[in-house]
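Presented sequentially are two complexes of chain A, the first with chain B as partner and the second with chain C.
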Partner chain A sequence: MLTRAEGKHLGEAIKSNVRSHCVGTTAVVYASDYLNKLTGERIERECKKQLDSGARALVIDFSDTELVNSIGISILLGIIDIAEKSGALVVFSDVNDETVQLFEMLGLTRHVVLAKDEQEAISGLATPPTQSHIIGH
Partner chain B sequence: MNQERSAPVRQILGRVKRDEYVGRDAESARLIKHALRSAQQPRGVAAQSGGGLLVLAAPLAGVSEFLRQGYDQLFSRREVAPIYFALPRTGVTAVSAAIEFLNTFLLQYLAYRRDEPALCNLSLTLDDLIQLAPAADLTWIEEVVESYKRHRFGNNDSDLVRFCLTAPDRVPAQHGCFVMFDAVYLSNFADTDVSLASEIIRALTASRFSFTLAGLRREVLAAVERTGANTDTLEILRFETLAEADARELTTSAARRFNVALNDETRDLLCQQLEGSPFLIVALLQAARDKSVSLDSYFSCERLYVDELMGGWLQRYFSALLEQAAPEPEVRAAVIRLLCEAVPEGSRTASFAAWRKRLRLAGPEVAVLLRTLHVQELVNCDGENVDVSGGSEVWKDYLRTRFRLDALREPRALVVADVMAAALKRAPQSVARRYRSAASPRLRELVGQFNSQRVPQALFDYASFSASFTGATDEEVQAGIEEGPELQLPQVFHVSAGVSLSAELQRFGEENSVVARAFEKAGYTDASEVAWLVARLDSKLAADGLLVREWCERLRRLAQQLGFLRTQFWLISNEGFDEDALHVLREFAAYGSSQQQLDLLSARLNERVTPEPSAGAAEEFELVLPMGSDNELLAATAVEQVARRFQFSPEAINQIKTAVVEACINASEHSLSPDRKIYQRFRVENDKLVITIASRGIVPANIQGPPAAGKGLEQERQRDQRRGWGLELIMTLMDEVEFERVDEGTSLRMTKYRRRRS
Partner chain C sequence: MEPNTQKLIHSFGALADLGQEIADTGDFIEMVRTSLHLLLGTLAIRRGAVVECPSHLDQTNPLALWGLGEGYEARFSVDDETKAAFLACETGAVAVHTSAAHEPSLVSFLAAHEAEYREQLIELIVPMIVRGDLTGLVLLGGKASGEPFNADDIEVIRSMVRHIGVGIHTHRLLAEVKQQAEENRRLYFDLRAIYRDTVRAFAAAIDIKDKYTQGHSDRVGKYSEIIARELGFAEEAVEGMAIAGYLHDVGKLVVERDIINAPYRIDAKQSSELNRHPGAGFEILSPINHPYADIPLSAKYHHERMDGRGYPDGLTDTQIPLGAKIVTVADSFDAMTTDRPYKKRRTFDEVVHDLRRNTGTQFDPVIVSAFCRALLKELNGETRERKFLKMLGKNYLDARKDAPLLVQLLSELDATTQSAAAGG
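Up next is the complex of A and B:
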């Protein structure tokens, strides 16, 4: 079997194709217009990379996202788990109402903070919420 | 059949029109090529070079029609005179069969020489034939007839048979002829005073002209060996039942010919259930025509099948076979009992002595009986032991009904109902087997192609593969795996289905486990010998530790039973393996691959991985989307337009879109679909939108229906089963949801009311 290092080496050749940037120790990762298995896995990979690089919080921005499917959501749950294990906070920003409804149905909103937009998410992370998980919603 | 020359082929002996005859292109080409030796070789050379083509046919493979089609083709080519003779099905003596051969030979020869195909179907006396003979042939034909009359009234039957069978050799060398001897019913002549089989083989192999001898493979080969003919000069053509694509084409073509309604689903069912036998397929369609039955549902197919099995054509056919083997009713009943009672697991083989004892017959009589069954491949008999596991499923169905009716004396109505129920239950399973096999590479073939090839090691290591390539496109994976270390596959010298070695594996399906015997690296030594035990796990989700441990233990038991010293386990799970499972794989030093890895490996080993699209599916005119490529978005867009037109609220529209997306994903992920298409119908009624999403294929065992009532989404999440939410999500988003198993696939019917009901 391959060692983990060898596996990692192979993976380096692959670009995640996910837009992201860092604000201090917060990584902002942008979801695409359709969140499905492939795009979800790309976000997951990018988030892992950011956490490995020392990010203490993740903002996943859904401003471009029009549609989300259940596989995409299951991957988001995986990201939340990974972040929890790393002690990092996760904020979802700019999620449209229909997607929020889906997240609620599938229990995501219990484990994640929602913010109106990226700006609010970043500023909210600077002063963590005390009473509500939802910022601006 | 293809025809190399463009001359139109006249339908003379063929019972199926030329353009309706399906498949057999390669076999036909060989037959024609062989026949033309008689026309192209210098005369007299054929006998020395050997011109025999043995057509070894599987039972019910349709070899007689194949030869008749060959006859029509050769007749139309005008290069050599074709002669087709079939031994009669009903019992006659060797002498009368030989005389009939002589008559047929002369008649067909003259039909060819005069280019009057209609003569072939006439019944003429020998004197009539002399009258028809062209001047160039008159002398030798007169001589043949004169000699025949002398032999006919002599006292030596063997001489007469030999004379008749060797008559084609009297054709002048410049004309030549090509005899196609159809000996499918050769076993009818096993007990005649003159050994007809030996006389036929001697006559043909001694001929100056090339010939074809066709018959049941077990019988023809044995007869040739018994005769002591020089097999070095004989070519062999193996004639099997139809390949899947040809069987489908034949079924469609025959249904059209008999004006029987059929659809893609029932066509596939018939092909699968009748095991590609042209004989059985055509017979069942003929029965449908005779009874004016449409075959457009599994139900109608199985009802006709059971009718035919209980008292129709199938029953008559198999009864005739049994009667031939055991003419005495008491013996026949005992045979049925023996064949049926031995069917349970572990008791498929009985000794010859046991058969003799049970039948209360002398050894030679039992030998004849078993030989008849063996030739028809209904049992496998090596002289010492009798294995009754052979025969088609149709034969086994027939046996079971006979056993229950004749031996157990069960009421006919009960047997009919039970057989019908069993057939209906089996129908989707039968088609499912085919889909499983078509939707993924055949393990046996795949492993058989290892052949010491070097492949990326990542293809057998799910842990590293998923770590490296999760979220990568196929192109990226293709490029990435080349960078890693390689694994040299062993040289596999024997592959068998796991079920053939272990009864325990039978419940997992014939195609889902493989045992391969191989040598690693160079050298055939004990140290390099290894057995690969391969299993495909049927799971939608990533396989967990428990499942993988069960399989590893199962394979280890099997390896111990079979006495394998060195083994390599390889498990394949569609969605890969979870962390626990990976630990278990490491514990057993087993390889693990996902379907994606398997597909990549298969592509590298030049295996077929793309499911064969069903014929004609692309012509359907519905809202049909190919599975994959995010095509569910197209469906979502379409349904959005429909819903908007009927003034659904934006919130409702979004819920509908999400439900449609989930339904499409479900259809793609949960079915081994033969056509890889999703069929959608959007219907607007007064106050509601009804959406039907259907796909052909099968549903894996672990998602056979909607989730159990009361099981919340959150609970599912807690179980860490983060896939398979689709159906429950749909039920939450839509007002009514109906999940339906149809004949061959699934259909999801979802309704959304414009104003949600309270």
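Up next is the complex of A and C:
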């Protein structure tokens, strides 16, 4: 297990390594394999940066994410909050079944759109859903 | 997986993470912030704050906030009555916007802050109670699901809040212990300084009795300190050696002033009287509980010799305590380099000659080497302080002439020490 100092050092080293790219006014941010405090805060910073730069929608891609813990949930709620205040839509893409169940159980799916994958998320954002928030699930 | 099972697994995972976080006391604020995240994430609560209620203050001290309005500090007053009402709260959580029956002081507290909590979307206040004291409060917003908090939720929240409370309480206790330890450390250093100053004043009093050797005890203390430091003693032991040097002649207090101040070589009877002073010093110093070791023994044996011809007990080499050997060299060097009633001080050449001649018989070569090394360092400008210069006067030493004498003596002493070591 990493010590706090090692964790901080590692955090600093990979701070700028959150993968993201933009498709028009949609920012796609990739979550890592385990969404905890360290990775969650990096993603939160990246999302804030994208929203400040004018993104109108956020796609958070969970294709690499196996597990989301409580801190991850709290940070995702914070991102949803910031996005709502900016009037931006949030889409979670490629979320595994277990995590979808967790998001549904905790009520996160009331505030975000779920998409099968990044492609579907981006195309779905081009034609916003009217009835259901869930695309492809 | 059954939703309830999944919920339980999620909550247990959060509790385990919380336990680990609280055990890590490295960064207190970070610990509270992470704990708040864990609590919020367990039930997907959208916002919250952890505030402390210091016992000596009526106002809360915010420790961590998440998702609340920009600029909101969660700083508000909680008087003793409200604190008591929170402590008595049976449900363990206070719903802010319901008309549930609360203690009157709690009702007026909630009424006073209703607008503030409504604006911040705060729905629940959970007191953190540790050992019967209100450590703080946790303010919570609503759940992301939009559902109200049920009894199970409240149980989970209370359990986690208790953990956070214990973490804060433990941190505060550790901080208090640390502060107390720091205070004790300061007091200890102050006491040591007072002790040292008292001893120096006492040494000055000893020297006043001898009009020809004023400042002798002070100088012997300083030379002893220099030797101990050169020998690599720990700082506390160096200080102990200085004290041993200051007090080495305390036994002279029992010797008649006329004998000490005799302007001629004293006779055998007077010499015998004067030779009582190491034993008398030991008697004076023994009952005192010194913070350093061997101070009475250094006084008792500072006139012993390596060859066993010293007094009071005729000890030899390894029988003589190291502290006494150090004081012996310091004492003799000061005697050689200060004027005495019956003879002028010696030149440095003569001092080096005497050191050479008496090392191995009177002085321990290891101690003489350390003394010479320290003096050589000062002559060569390797030290910033000019301790020898201050004690010997500025015209006594001549670096160009005296440094080679010391180098030569050191080389001879090294050879002697090495051959003694080889001989077993």
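Quick note on the criterion: the second predicted complex is superposed on the first by the 121 of 137 C-alpha atoms of A that agree within 3 Å, B and C clash if a C-alpha of one lies under 4 Å from a C-alpha of the other, contacts with A are read in each partner's own complex, and residues count from 1 in each chain.
Everything below uses one rule, namely that a contact is a pair of C-beta atoms (placed from the backbone, for glycine too) under 8 Å apart; a residue touches a chain by one contact, two chains touch by 3 or more.
All of these numbers come straight from a predicted model, not from anything done at the bench.
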First (chain B), second (chain C), both or neither touched by A:86: neither
Touching partner for A:105 - first (chain B), second (chain C), both, neither: both
Of chain C and chain B, partner touching more chain A residues: B
Partner chain in contact with A:38 - chain B first, chain C second, else both or neither: first
Partner chain in contact with A:72 - chain B first, chain C second, else both or neither: second
Chain B and chain C contact sites that coincide on chain A, given as residue numbers: 4, 69-71, 73-75, 77-78, 98, 101-102, 105-107
In the complex, chain B residues that touch chain A: 457-458, 461, 463-465, 467-473, 476, 479-481, 483-485, 586, 630, 632-633, 636, 651, 654-655, 657-658, 661-662, 665, 713-714, 717, 722-723, 725-726, 729, 732
Touching residues on chain C, where the partner in the complex is chain A: 1, 3, 6-7, 10, 13-14, 17, 24, 26-27, 34, 36-47, 66-67, 143-147
Parts of chain A lying in touch with chain B, wherever the complex brings them together: 1-4, 6-11, 13-16, 34, 36, 38, 40-42, 44-45, 67-71, 73-75, 77-78, 97-98, 101-102, 105-107
Chain A residues touching chain C - in the complex, by the definition given at the top: 4, 37, 69-75, 77-78, 80-81, 98, 101-102, 105-108, 110-111
